[in-house]
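Below is one structure, written out as structure tokens; comments come after it.
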Amino acid sequence: MKTFLKKVAAQSPWLYRINAGSCNGCDVELATTACISRYDVERLGCKYCGSPKHADIVLITGPMTTRVKEKVLRLYAEIPDPKVTVAVGICPISCGVFRDSYAIEGPIDKYFPVDINVPGCPPRPQAIIEGIAEAISVWRTRL
Amino acid sequence: MSSYTIPVGPLHVALEEPMYFRVEAQGEMVVGLDITAGHVHRGIEALAMTRNFYQNITLTERLCSLCSNSHPSTYCMALENLASIRIPERAEYLRVIADEIKRVASNLFNCAILGHIIGFDSLFKHVMETREIMQDVKETIYGNRMDLAANCIGGVKYDLDEERSKYLWQQMERMKKHLDEIYALYCKNSFVRLRTEGVGVLSKEDALRFAVVGPVARGSGIDYDVRQKSPYAAYDRLDFEVQTENGGDVLCRAKVRLREAQQAVRLIQQCVTDMPAGPTCIDTPPEIPAGEAIAKSEAPRGELIYYLRTDGSDIPERLKWRVPSYMNWDALKSMLVGDKISDIALIVNSIDPCISCTER
Amino acid sequence: MFSFLKILVRNLIQGPSTDPFPFGETFTPEGLRGRVRFDASACVGCRMCEHVCAGGAIRFEQSESELRFTLWHNSCTFCGLCQHYCKTKAIVLTEDWHLSHRQEEKYAMVEQGTVPLAPCLGCGISMIPVADELMRVAYRETNQDIDRLRRLCPDCRRKLGIKGVQRCKM
Amino acid sequence: MLEMLSPFFHLLLFPGGLFALACGLLLKGVDRKVAARLQRRIGPPLHQPFVDLIKLWHKDSSVPETAQSRVFAWAPHVGVTGMALAALLIPIGGVYTPSGAYGDLLVLLYLLAVPAVALMIGGAASGSPFGAIGFSREMSMMLAYEGPLLLALLSVALKVGLATGGVATFSLAEIVRYQQAHGALLFDPVMWPAVVTFLFVIPANLGVVPFDIPEAESEILEGPLLEYSGKELGLFQIMSALKMVVVLGLGVTLFCPTAPGGLLLSLAWFIFKCLVLMVASVTVVRSATGRLRIDQAFSFYFKWPEALGVASLILVLTTRNFP
Amino acid sequence: MQDVISQVKEALDGALSPSVAIDWKCDFKGVKTGWCKLPESDQLLAAASAISTMGGRLSTVTAYLAEKYRKQGRREIAYHFDLDGTTLTLTIELPLEKARVASLTPLFRNADWNEREFMELYDIDVIGHPDPRRLFIDETIEPAVFDGLIPYSTLINGASSKTLWEAVMAQNSKEQGK
């Protein structure tokens, strides 16, 4: 019964987006992926939520700037366990073109565990969906 | 009534990007505003001074993904001005096409977010679906949905063959129909009008005082468009009108943006018809002498200005740019005070704030 | 409200516009800028790609016997400047966009290639033979003389050239 | 023995408790599916609300540091209890008639305010400024829609009461009985203003666009719900699912409680009527509109539904002599 | 367009006592850019005020510090004005140490952010600025960060790049060895 319930629960991964100083390319693509009819993540049971407290899968964009760092870390800590982290775009993964600037503190895996990387600048929505699908399979094992 | 402070942001769902306001409110009314900027400050100007001219094309494109074509093209224009490089005529038209495609997508995105903020989810989705046509065009012609990578020093990197020109033309025909419908919706729909009319008013005097640019200025009745005032690329040979509205509220700005999107579609079609054959890029590697130059363009959000200073090496001595949102953002102080808390996100969105551009 | 109801009814009639992906095929346009492919046999070792790469995604390592190319996709912006400035198109962007991966594979997302160095037929210094691809671009078809040329270092080629000039003068 | 257990049965299993919850979640699933279709989407599977709920039970829940933790944790329980009690009062034509001991229309009216109160308490206790704004907005909304709601209920109570020889009857069973005998009030033109008033009240009562002002995601980040997570959030979802059934069930009871007879058929008929009512007054409305500002919503309710409610009352009173 | 040139000359001549030379450039489209170096930095306010009365708009301000200037112990600030499509740049020279410049905010409201920006990037003081807080740069980052930047150094010493690339190389040479 317990395993069955967990299996059922895995079909409801709610998404939350954190912008850690991105150029908003990935954010726009995330909004597109999450909200519009063409990609409709709701059919995967996903829901885009407004509060970190409701999130299961965290999508992070941006190279982590100095000024946003504390806020991102605080926000990340607010997301209840179990959670899965997806780095969207090359910025959170390696800081991309912004690497080695005085105002950049990334990459993101220096601060908290990342599970899935979706490289691209920005990745296309289909690639993001692929990443989310992968994240769901990781999430299933964590419940 | 005593006032209280509410934080907006920095990571607010309604806003694409991190920005932080401390809004002072009395009841539901905004009485004061303090902006803390810099959450997306990545030190790009410093990075630009450590990278060579080629790398800076890609770097400037990553300033912001919504006006990602305006940056490299204006940067390349600054280099070309400095080195007195005349780009091939076909490249001039191709630059206009890339710029206008981005303008349509960017303006539609902003108007869609307006729908989202007023809780009109179906409208948001409807406009975003229409924008997908532009996204497909970008992906098909340039290979990416946001960053076109269309420019290089002395011209453009892409070309439109017969087949692609035809494809572009057909997609623009499709867009026309959708854009007309969307424009009518924004003008007539009572829910859109109830929430946006008379909200976040920026008077013409204030607009001049804050020196706002782009659709924000034109929404307040200032007739200024870089494409007409200081023409570049092929704009001196294209036929278009500057769009203005006099109300200065959220709805006027949205209307200006939508009309500019409609016009952009016509501009793209003009380019496809008028474009002469020929090379798309100069064929010798550019030589950049020491000196300084200015280049300006009309990005989707307004006037974009680049200042470039070189010392004869292949790394800029100083590269500085001022983006349209820079002044528009500061002008929020004038727009927000006196309005309702529920309209904060709406008014902020109405200047189409590009934080990543502004903070660099 | 009523102007919008019309659109809703139309939506209902037209049916969902949702892309079948990830359960089915999706649309991938020709010329999408995706995963980078490197063809060592076409590389002339000019390192222009490394020079123009803003993401710092390309590294060359030169040793005695080879020039090793590494591109890390997790730092690549897919801007295509490398391809644009590569005369022999040894570096190209493919349409493969399936790049998402688990964190364990973060550092393995690379494209690598090795360009072997060969001794110059003239002086024996270690050098990269001119790529076949470049020869094709330059001469369309090759013969034995041209093939010999590609294995000469620039110095020896110049010497050969001067000799040729001298011969002509005589 | 059985007699003594029946209130518990009614409260926990049928028609309250599990049945109402299942019903409410199903309604929500249909709502999401239909909304998706209206937006050219495939949408989530029908059972998605069930899945979401089970998921929330598997998540950690946290209490913010700034919150008054005990009040914060109890608020959702209050809401769920209130709604479970309210579900007891909803008659299902041909299947279930609530005992008069449980309460009447007036009790129901009070119970309907419980979820809003629970949200207000929770929002205020969360210590977040958005929770506080949500609190004040929830309060204004209640003030705005309670009037028309009361007028609509009163119209029905008077109509039935006057026809059966009294003044006004607040017994739900009586209202159902009257309509089963004399035909549904929905088909009586005299009642149409009341029907429309009630339709206007539903979206505000259920907190959906254009009246989801207290929970506006893009303005105040879901307001009172912002700080809730895990089980507590799940409880609020249960509350809103139950409320869905109660409000729609009330609508069905007031205006069209007739049943075809037969246990299962009547049950299905009840659910179907709820569904139709929901699609008409919730799904389509929220798909075709944008959110109003609190002052606009407030003045809207004081204008149209209030006027309609008064008109309906006058109509009922003036037509009583000429049935 | 000729009259813009004469108008600017007239306005600046009226404001500044020894008249200044303006270098005009024109691109292929006929768009003009004027370049003018003010001999004294305290002439800025008078010149800017003349442009303001002409109806000019402050486009942006660029402060810069080239390597060769650093050796000469000086720095420059360029003020870019827009005159209905024509750009006029006024440049002033300041000392490297203890640079001070008057604020333009009384004349141009939008000078506010521009001045805050070069205050935080360079070691320059703005006299009479209404709100001299930092604009974009976090308090944890050292002041006058652009003054400290020596070209190439960040590229070569890029610690972050180095760590990442070491990881990339380590993993991939390992795999080749298998």
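The first chain written gets the first letter, and so on, giving A, B, C, D and E; residue counts start at 1 in each chain.
Methods note: contacts are C-beta pairs under 8 Å (C-beta built on N, C-alpha and C of every residue); 3 or more make two chains touch, one makes a residue touch a chain.
Computed from a predicted structure; not experimentally measured.
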Task: Both-way neighbours, i.e. chains that touch subunit E and touch subunit B - done: A, C
TODO: Between B-D and A-E, flag the pair that has more C-beta pairs in contact.
DONE: B-D
Task: Between subunit D and subunit C, distance of the C-alpha-averaged centres to the nearest whole Å - done: 63
Open item on the list: Can you compute the centre-to-centre distance for subunit D and subunit E, using the mean CA position of each chain? Integer Å is fine.
Closed with: 62
TODO: Averaging only over C-alpha atoms, locate the centres of subunit A and subunit B and give their separation in whole Å.
DONE: 26
Open item on the list: Rounded to a whole Å, what is the gap between the Cα centroids of subunit A and subunit C?
Closed with: 31
- [ ] Could you check subunit C for residues that touch two or more other chains and list them?
- [x] 1, 4, 8, 16-18, 32, 54-56, 72, 75, 77-79
- [ ] Can you tell me which residues of subunit D touch two or more of the remaining chains?
- [x] 36, 38-42, 217-218, 221, 287-289
Task: Residues of subunit B engaged with two or more neighbouring chains - done: 13, 38, 41, 43, 46-47, 51, 58-59, 62, 116, 122-123, 125-126, 129, 139, 144, 147, 189, 191
- [ ] Could you please write down every pair of chains that are in touch?
- [x] A-B, A-C, A-D, A-E, B-C, B-D, B-E, C-D, C-E
TODO: In the complex, go through subunit C and note every residue touching subunit D.
DONE: 1, 4-5, 8, 11-12, 14-18
Task: Interface residues, subunit C side, partner subunit E - complex - done: 56, 59, 70, 72, 75, 107-108, 110, 112
Task: In the complex, subunit E residues that touch subunit B - done: 27-29, 31, 33, 35, 57-60, 62, 64, 66-68, 78, 80, 82, 84-87, 89, 108-110, 112-114, 121, 134-138, 145-146, 149, 151-155
TODO: Within their complex, state which residues of subunit B touch subunit C.
DONE: 51-52, 54-59, 61-62, 122-123, 126, 129, 136, 139-144, 147, 149, 152, 157, 181, 184-185, 188-191
Task: Touch list for subunit D against partner subunit C, complex - done: 36-42, 284, 287-289
